[in-house]
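Heads up, there are several structures right after this.
One chain, chain A, links the two complexes that follow: it is found with chain B in the first and with chain C in the second.
Up next is the complex of A and B:
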């Protein structure tokens, strides 16, 4: 047997560029206009969902995107439950909130970490990622996975949290609190971060409404819209939390807002662990999904996530459509980047927490 | 359930279709969902300004075939609006040939991407779209996109690498000395 062999790589290559393209018009060093070209990795997942049955689609929707990988199946399950009139037990509603909020903390820390990296403050980037590890370990300890939790199922949740695991989760949150407070202080006061991010990528409240941006991007521009409060789902109407908002509408305010939301999330998870009633975590049996249509919405880490389900009464959806938060935020980049300096482009793009796999589906 | 928002949406739709034309349902958390069907796509252009002035926000648009396996001809489009936590889904029939609906971008700027997407996916034409360009890439893509445009990963390079600058300034009139420089 020959000692050498050929390793086939491709048709995609590991070093391929990220598949979102920009046409940037500049005047000197000032950006005059931005155009986007998308679709290089369009996966046709909505078409795929029409050929999977309702249970298979839980797995499929979890794979739309990694950072919101709990929000997708949770919202899909809610759309099915709304249509079929399935009652989710109260304990499962709390368990869903816990999974959502743990993912939110990890997602927000990832985003602010990248922001630190983009300002050239790499030790802060590494520190933020290290702090995030507390949540990654929590996910692994509670659900057995560091990214896709596989927690949601139609009619409830897949796993329960017992006293031992609850103690472990509380320990991780306790360890996170001082770290998060320290990070917030650095992001708020560090002169380098402030110089590079304050007054950059401005989006006024009026423009935010016009572009219908969602999530932290909208809330940092004064649109205090949070589905957990506006249209409560799961157990959110029984939990106390502050909807974070700001009026500065710049890169700095979006990062700080995400960190404040992470702090709120810790409190939400703790309240869930305190208040969670005993009982089953999923409904018994399965009700057939009747013909009809339903809408479900949740607040994913990046903002409002909406699922529209249309059923013809068979075991596969007639149409399943989802709109991800990032889809709404791309076009507002044209406003945020108008008149900015070339060197500020990466920071502004990162501040919308862009997700290409979500946009392309 | 937000009664004021429900009322505002009800009134807006009522001006076109008459009072009580919205069917309301709710989920187990008592969130309200309104459903309206427009059989004439042109009424969309009359309803959109009323919804916009009521303060509604377009969340997304779903186009689909009347029958999943295309055994029955025809398409429908569901427009999903939100007003202060209340969802209104306006479904319009698209039976005409060629399938065509009026654009609602004059009132909802973010309809732009949604309308371009369903044009690509379902072949539904949009009348009066301000920017009727391809949204997602297909076979007719011009071949030099990788050369002309800046990919996200380059753009996200915090250090603003020379590649970013070169791409951004490509095609611009630049002094000679900038062109030969080695970085």
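Up next is the complex of A and C:
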């Protein structure tokens, strides 16, 4: 007996404790079609941004999402700097890269941890979170907060890294390296993880290009698109790193790709600590933002993040708009989920690392 | 073999890695951004903290008798971003490493950083100006300490006088 029925999932639950509604057409245990409905946590942040001045907006954009909480203010500050023609000192550019990469490691470890949790492997989830704790402590020690770093400001950065702090940060990275290698081995070889995640949520290179997916989702499908390489910002053009890519395009390859990126990030932070020039960390004085438009792009942990800013010359933006990576990725869920089992839905949703709070803002 | 077994056994032997917080002090880094602290001795009431505060946690209220301003920072509204401390030109606001911030609901309007900053006096005419504490005069007004202590009107007059004196002396030199 073949019977198709609709399975409502959400608005709460699925992979993360974030609201998104799925109407899933199911035949037996197999998914036939997916309809997404978003918009459950709309916070009106773009409208809020128009009522706050540029300084207040740094803090506001930082609170868009906790895992990309450095990418948002950094991109916003870049948009303001592009418009006002502010030159950011080189040391500040390196410090921004460090903050970005530390956040990226923590974000990727969080995502693979959640993946372990969704496969029912909770002790691995706990272990991944404990490994991530090294980075959380690093953030707390260097910037003063475990999630919202508050590192970026218009024209530079707020905290400097002196010799003591650099030694502490290096120590944390050294401690992380073997742990991360071990974790990679587990995720690569563990039979439980392999059975649950290999060959599901497939996204071919062609489909990836068609849906214009970004970030690790695109790179795991063979589209080696990384903004840090394609359009280097901050100090990325002076750093050596390898853009990770894979061709498998399944849930497993995305998780492994994130872990490999975390390893690259460690090396980027170390290069920054080595190469960082001396000098000021922020440009002096306050600069008025002239009327006009500007755009800034960065590679957030989930992919390309775009900020658009329009100013009328006052101290509040006339319009601030941002496009987040999840927005591009979740349409591709319809391809990834087609033909999968109902039990695999949370895993597939988690594999695009959805950030509903970024997307709905 | 299951590659995780080794890690699991190791983690079991190591025991819990969390802080035993209520029974022992938790480790707090020196740079931790906890409750903001206001030092009224250093405040010059410039208002930049209120301008950059995204949470609207900072208020400056004029005293009824006009003798000064009441500085208020609600820890309850504060989001601990530290922008006020970063932009404060005199270092009157700092982020402490105090994170013991739980309080009763009835205390939410009194749980604040509350200090009174008296106005200063113009060194020439005695008019009311923003406060000019000595520590700040040394730091910000070092270039022209006399003018730093004047009200806008006296400052303007002194500048005009200075300029005309200079012109006059130059004129005399030419003659």
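Just so it is clear, the second predicted complex is superposed on the first by the 343 of 361 C-alpha atoms of A that agree within 3 Å, B and C clash if a C-alpha of one lies under 4 Å from a C-alpha of the other, contacts with A are read in each partner's own complex, and residues count from 1 in each chain.
Following the convention adopted for this analysis, a contact is a pair of C-beta atoms (placed from the backbone, for glycine too) under 8 Å apart; a residue touches a chain by one contact, two chains touch by 3 or more.
Computed from a predicted model, the values in this text were never measured in an experiment.
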**Asked** When the two structures are laid over each other on chain A, do chain B and chain C clash or fit?
**Response** fit
**Message:** Looking at A:291 after the superposition, I want to know if it touches chain B, chain C, both of them or none. Which is it: first, second, both, neither?
**Reply:** neither
**Prompt:** So, does A:191 touch the first partner chain B, the second partner chain C, both, or neither?
**Reply:** second
**Request:** Could you tell me if A:63 is touching chain B, chain C, both of them or neither one (first, second, both, neither)?
**Result:** second
**Request:** Spot which of chain B and chain C makes contact with more residues of chain A, would you?
**Result:** B
**Request:** Identify the partner contact of A:328: answer first if only chain B is touched, second if only chain C is, both if each is, neither if none is.
**Result:** first
**Request:** Please work out whether A:181 is in contact with chain B alone, chain C alone, both, or neither, and reply first, second, both or neither.
**Result:** neither
**Complete:** Smallest inter-chain Cα gap (chain B/chain C, superposed on A) in whole Å equals 19
**Item:** Interface residues of chain A shared between complexes with chain B and chain C
**Value:** none
**Prompt:** Can you list the residues on chain B that touch chain A in the complex?
**Reply:** 27-29, 31, 33, 35, 57-60, 62, 64, 67-68, 78, 80, 84-87, 89, 108-110, 112-113, 134-138, 145-146, 148-160, 164-165, 168-169, 172
**Message:** With touch defined as at the start, can you tell me which chain A residues reach chain B in the complex?
**Reply:** 17-24, 26, 37-40, 42, 50, 78, 81-82, 87-88, 117-120, 209-212, 227, 230-234, 237, 293-297, 304, 306, 308, 310, 312, 316, 318-319, 321, 323, 327-328, 330-331, 342-343, 345-347, 349-350, 354, 356, 360
**Asked** Quick one: in the complex, what on chain A touches chain C?
**Response** 52-53, 55-60, 62-63, 121, 123-124, 127, 130, 133, 140-145, 148, 150, 153, 158-159, 165, 182, 185-186, 189-192
**Complete:** The answer for chain C against chain A in the complex is residues 2-4, 7-8, 11, 17, 29, 31-33, 51-55, 79-83, 86-87, 95
